Amino acid sequence: MNCERILIAGAGGQGIVFLGKLIANAALETVPHVTYFPSYGAEVRGGSSHCQVILSGREIPSPVAHQFEIMLILNEESFSRFLPQLLRNGLAVINSSLCSAEPAPNRLLVPATQTADEIGDPRVANLVLLGVLLSRRPLVTPARIEGALRAALGENKATLERNLAAFHAGLAME
Amino acid sequence: MNCERILIAGAGGQGIVFLGKLIANAALETVPHVTYFPSYGAEVRGGSSHCQVILSGREIPSPVAHQFEIMLILNEESFSRFLPQLLRNGLAVINSSLCSAEPAPNRLLVPATQTADEIGDPRVANLVLLGVLLSRRPLVTPARIEGALRAALGENKATLERNLAAFHAGLAME
Amino acid sequence: MTTRKQYHLTIDSERCKGCDLCMAFCAKDVIAMGTAMNSRGQHYARPTAPELCIGCLQCADICPDAAIEIEEEQS
Amino acid sequence: MTTRKQYHLTIDSERCKGCDLCMAFCAKDVIAMGTAMNSRGQHYARPTAPELCIGCLQCADICPDAAIEIEEEQS
Amino acid sequence: MTKRVLMTGNDAVGEGAIRAGCDAYFGYPITPQNELTAYMANHMPEHDRVFIQAESEIAAINMVFGAAVTGKRAMTSSSSPGISLKQEGLSYLAAAELPAVIVNVQRGGPGLGNIAPSQADYFQATKGGGHGDYNLIVMAPASVQEMHDLTIQSFVLADRFRTPVMVLTDGRLGQMMEPLVLHRGRPPVRPAKPWALTGASGRPSNLIRSLLLDDGVLEQHNLHLQRKFNRIKQSILQYEELHTRDCDVLVVAYGTSARIVKGVIDEARSKGLKVGLFRPITLWPYPSARIRQLAARVKGILVVEMSSGQMVEDVRLAVGDRTPVLFEGRMGGAVPLEADVMAALRRILRRRKGGTRS
Amino acid sequence: MTKRVLMTGNDAVGEGAIRAGCDAYFGYPITPQNELTAYMANHMPEHDRVFIQAESEIAAINMVFGAAVTGKRAMTSSSSPGISLKQEGLSYLAAAELPAVIVNVQRGGPGLGNIAPSQADYFQATKGGGHGDYNLIVMAPASVQEMHDLTIQSFVLADRFRTPVMVLTDGRLGQMMEPLVLHRGRPPVRPAKPWALTGASGRPSNLIRSLLLDDGVLEQHNLHLQRKFNRIKQSILQYEELHTRDCDVLVVAYGTSARIVKGVIDEARSKGLKVGLFRPITLWPYPSARIRQLAARVKGILVVEMSSGQMVEDVRLAVGDRTPVLFEGRMGGAVPLEADVMAALRRILRRRKGGTRS
Amino acid sequence: MTSTPSTRPPRHVATRYPLYHRPASLKPVPTHFCPGCGHGTAIKLIAETLDALGIRERTVGVAPVGCAVLAYNYLDCDISEAAHGRAAAVATGIKRCLPDRIVFSYQGDGDLAAIGMGETIHAANRGEHIAVIFVNNTVYGMTGGQMAPTTLIGQKTSTSPFGRDQATTGAPIKICELLNTLEAPWHIERVALDGPAGVRRTRKALTTAFQAQMDDKGYSFIEVLSPCPIHMRCTPVEAVGLIKEKMIPYFPLGIYRQNGQSMT
Amino acid sequence: MTSTPSTRPPRHVATRYPLYHRPASLKPVPTHFCPGCGHGTAIKLIAETLDALGIRERTVGVAPVGCAVLAYNYLDCDISEAAHGRAAAVATGIKRCLPDRIVFSYQGDGDLAAIGMGETIHAANRGEHIAVIFVNNTVYGMTGGQMAPTTLIGQKTSTSPFGRDQATTGAPIKICELLNTLEAPWHIERVALDGPAGVRRTRKALTTAFQAQMDDKGYSFIEVLSPCPIHMRCTPVEAVGLIKEKMIPYFPLGIYRQNGQSMT
């Protein structure tokens, strides 16, 4: 496996950290080297939030990337801030519900918040984006994501269902 | 004036610090260079107490002496501890009421506590010793000591009287 | 001649965080959560039945985000 | 036969600091400050009228320096 | 293959402490170490160990003092401002020769600063932020695995030398997740602690103190402490070297900075640039002798830190005038960029060997 | 001749503060600085200024913070353990760029230690005992006169650079009495303080803070602070030189140690030994450049401190490999003996010029 | 910023007047607080009070770290940060230097009742002429919902994951009651943001506190029971209910000290 | 050490028995306290209590700085120093690690009520199973007689040279009353070394406190009004009188909390 550097960015409350940890956990058993790194801890309310996940076949010297193969962008602010760090041949999956990005070859525009809202919770937009991503780049199998979701949300049935629904909606898109 | 390094030593409560400051203050206007240095602050109860006063015609580089021209020794413990630091041609004025020092050429044995007790307060033994010292070595005039005493104890008439009495008793001794 | 009072609610959609508190405390069901989203992706409250408003200020008082302003009109 | 109690006071001259408290609280004037001095140059308390002692322990209790010990003798 | 688990660095420290036999943990909330306190809140009770959320950082370090006097293994953790508050307590622990482990998950300063990772508490940790002549043993992990392993080692060293040990890390290592292999088996052996306060039963009463008023006693105690610190200096140095055999430029960096530098070195080597990394793992004692050796062979040394340049002083002290020592760093929670480090390396490589110090 | 008064160093600091226009003093008892707090209790009310005995050292430094935000001249004082407790507060003052004067009358450490004089808080004062990248300006008086004068200067520097200034002294200087000439005339001019919090009347509201969460803002603030610190380095260095023109050995010492060394130098010169003294008065910024210059001419440098050897690192950093730097010191409240210093000087004089570092 | 008027602007403007407008002392920016957070309400009320009493221009506030610290982004008066727990000391320094200004601190329960307990009691005991506004939301909000001294028995937080256990952590501390044992305080009152009526009582309490200082009376302390829906782990509406049902029974509302006299 | 028997040793030893002997838990060395200092009395009483309850060998004491710190020179049980004000935290650490040992702290008023206020209240609130012995002598003794939180109004100290001024420094803090607002404490009592009877009540209070811990009951707090003749600026006998006439009227004696129930 090559090195895939993934940036996930959005606003506080959009489940950025949750999504990053989810991917890292899902990859743990099949990807030789994994790091997850959040931009901020809990001490700041609101504001922006982003995190990085690196999946790699060889040792990851620096867990801090400044260029990315993959981006999941959840809002406008993150789009303008981070897109310059996307590699030319990278892929950005963008929440077009909250982001006025123009279409471009390496961009996938996904009305994630809208889709999530229809599922009943705009906060699961993150899983919609992940579904779309994995449908294009099979970094980990959907089953491992589902397993990781179950492990993370086990007790909370309703939330789990909404997350799974959003993920599947994403996987099935286009 | 030469450099006179004076050590005053005894137990807590014997007025060691008071005596040192008194000499320094009395010397302020007539002696070009004066330093006073206490061994301990107030944070220790009981135990021993000592201080140094240096009177000198030229600048005093180090206020910390380890050899002394003059010593005022108020108790046994101080005697055995400090006497080795007396210069060969120095002078030690020793409170023989509380100290079993043998007579010797450079020692003046003075029953200071006894004398003070007779005056009505064993705690003014310090002034007795000072009186004796100044009667031998006129470092400062008795009038300046009296002035300094008055400045220090002004409001407290009874104490002032006892101190003056002890000082004069010392001056008049032998 | 009876003076009729009318109340004008303004809810700042950018301040509103959709906490539902105004709705919960409005006795007259004047306010409801809208379906539109503001720039932070949050639904926000809308005065859906302003004509019912009695100007009691329950909503403005409870709103943590000072999103609601109310004016009174006499006619 | 009446048992007569007698009390033996011991005041440790090296512990005593001459604070006068025992004297102040002894109802029987058993204790007085001595004129001798201990090794620290302090006067110390002495039981000057031990025969008056009634063993009430006022002195031992109040003594901050645990300088006073009292024994009772029955005869 | 041994089972890997994915954990944040903060959790890995917590699990390390538990597996090291930490008997008592005293914490207080502060970002970016909150996960650690939460971890201990969750897991210490399971093991019937003591967990207290103290009323303040100062209370926490003094509870550690209390636990340590009983001979138990005790720990606290915080982040920069909270660690500043513990300075008196640290000085007391060192003075009273009490084993304890203190974790500083550094954040951006000074003042309240921010909650991004930083390495600006290096001086405070290594030179004695508290009063008086003492040193903490300071361990600097650079991976989640080391967060775990060095925490365990810290308990061992604390007991061995009767002295407080600090794990100096930062919010990046604390909050990042990596797979790691957990320590297996029993906690490291506990040395006998005849000095501990457990009730004076069948022995003379014990006394733990640092107030030494009698003439000369405090000086003697300081001489004793300095002898101990010298013994520590000679016995526990740890560092990692990468490509130091044939490098023209040596980079010295620890913790998160060292991770970033590793990335740069990979790239530099791939471009044929002879660059090596020296990563101190013990920050106190500092591996000065080894750095001095390496200095003789290189054109220059680049120190990379997330600070205004603190460890660089220890490198300069080690190196003297042997070779130029340059600094590249960022402050206030910012992380050095690989590109900047690379540029600095190229600047040094362009120099001739043995110039004067910059 | 100007009138001389006899005062303890502690009182001289207090009177200096009052004559510098100190508006508010916040203290807490600790030996050996108690005379200073008592002095302020006696005299601040006379001048209608603020005196508060705070409930703790931490409260005191934060009251100083409060007074400083209003633009008033504020001071606190303590001794080693109490200063350790103020480290968070000092970092906050530096971060928020608030002028204030802090006096540390050092005592023997670590821990509770004793109440004898010491210089073992040098690192804490000069390298930042608190968290984050900041420096205090540190002034080191060596006489009662300087206790007075440098206190006044400290208020001026604090205002000029909007930064906390520490007067680093010790119990010996604090409690010793010497005659001194008191500052006469008005307090030094106060610069305008448009940033001060006085109520937002006729201007936009002011904000004093050190929390800078927004991306990059804390880094910018740190860069700003570092530029300021560099400006300070270039403009306020103070030191005293004695017989440095023709010396074979240079002694570097400050404060009480320097006084003792002066005694030794008098004696050495009288015996024909070419010994000089370099006494830093500002400990931060440190007069490194001048020491480096002097180092080129001497056979060796002897650093004398009442510590295990802290300032010696700054001397070594300044000197590099130019000349050997030796250390002579005592810890735990003990004062270096003139005889020991003399012996160390003779050892260096026996060496040949320019050997390697010891 | 776009706003959504419920109706078009009417013609006869003369007869239309504001019943409630955002206070001028509140900066015109949206807050970063979570939806339904009581800090928004409390800060709004402080702004209203500054407006009502006309003291914005001579007020200096102190905001220590906690979600409270963001107050300085929203209140348009002079404000100083304070280190965690030290607001009372900072406010003391300010007030002593500026005795004719109005000084208040705005503190969370972690800040005031845990690390800041000493400073709080001593400032109250000295009778500093300041107003202390104490936002009791039963948790450390900013740091992610840890147990506070005011956390209710059984309440789950990230550091009391099995619910607060009275045997090992003690009972929630009642600060008003504690301070009421001191002699100096002028006014001590506990209010709650448990609904619009509570908001109004809170507004009144704040007015009393600031007015007391304008009249140079002494130390005022207003404890505000406040929702932190995020860490109370419920919706904003439920959080308000929780205040009513769980908090108020334990932390009784009312005036504990009035005009320097204890009311209990 | 020489001792001065009042009479020669009698013949019939069999009928002679000790009414009062120095307790075995008190080391046989003279103390460094000033003449008439209440610390001597209090430490003597602690030693007696350890003897009486037979717990010397399973007791760990905590002595913070203050004249109190010298307790460790005189009490013959395991003792730890604590940093100024932090005895309650240190004692907490000890007790949690050694739940079956008897743990007490011995603290002055500067220590406990000024810098240590936070630790004191929080340990009490957690209901730590420790005994806190609080020696209230209205001053900072060891550092030379500065004002303490307990200094009486008008009392001259080195930092209140014109007498303590209530307007700027507040009133003396009543710690028993303060702690009695908390839920956890098991026993809170104020006694005074104002004479032999006071000494006996103090002995009894100490016994209650240590016994409570032997029975695993909870937190006990004994405040001892105590003379510091040096800094009260009078003779030891006058100091005892001062306690009676000035201190007790302000700091009422009695049991504030018994068996976990408030008595007020």
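When the chains are written out, they are named A, B, C, D, E, F, G and H in that same order, and each has its own residue count from 1.
Heads up, the rule we're going with is that a contact is a pair of C-beta atoms (placed from the backbone, for glycine too) under 8 Å apart; a residue touches a chain by one contact, two chains touch by 3 or more.
Model, not experiment: these values are computed from the prediction.
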### Query
Through how few touching steps can chain F be joined to chain G?
1
#### Entry: Centroid comparison with chain B (C-alpha atoms), farthest chain
C
## Note on the structure
In whole angstrom, the CA-centroid distance of chain A from chain D equals 86
### Mean-CA-position distance for chain H and chain C (Å)
62
## Note on the structure
Here the gap between chain G and chain H, centre to centre from mean Cα coordinates and rounded to Å, is 38
### Query
chain A to chain E: how many Å between their CA centres?
34
### Task
Provide the list of chain C residues touching at least two other chains, using ranges where the numbers run on.
42
#### Entry: Contacts with two or more other chains, residues of chain G listed in rising order
31, 33-34, 65, 69, 81, 83, 114-115, 117-118, 122, 126, 142-144, 149, 168-169
### Message
Two or more other chains touching the same residue: where does that happen in chain E?
### Response
31, 34, 52, 55-56, 58, 81, 88, 92, 96, 111-112, 115-116, 209-211, 213
#### Entry: chain E contact footprint on chain A (complex, rising order)
21, 24-25, 28, 33-38, 40-44, 61-64, 66
### Message
Per the contact definition, I'd like the list of chain E residues that touch chain H in the complex.
### Response
23-24, 26, 50, 52, 54-56, 58-60, 62-70, 72, 74, 88-89, 92, 96, 197-202, 205-211
### Task
Going by the contact rule at the top, pick out the chain B residues touching chain D in the complex.
11, 14, 75-76, 97-98, 113, 122
### Message
Quick check: in the complex, which residue numbers of chain F touch chain B?
### Response
4-6, 31-32, 34, 115-116, 171-172, 175-179, 256, 259-266, 335, 337-339
### Message
Which stretch or stretches of chain D touch chain H in the complex?
### Response
7-15, 17-21, 24-25, 42, 44, 46-47, 50, 55-66, 68-75
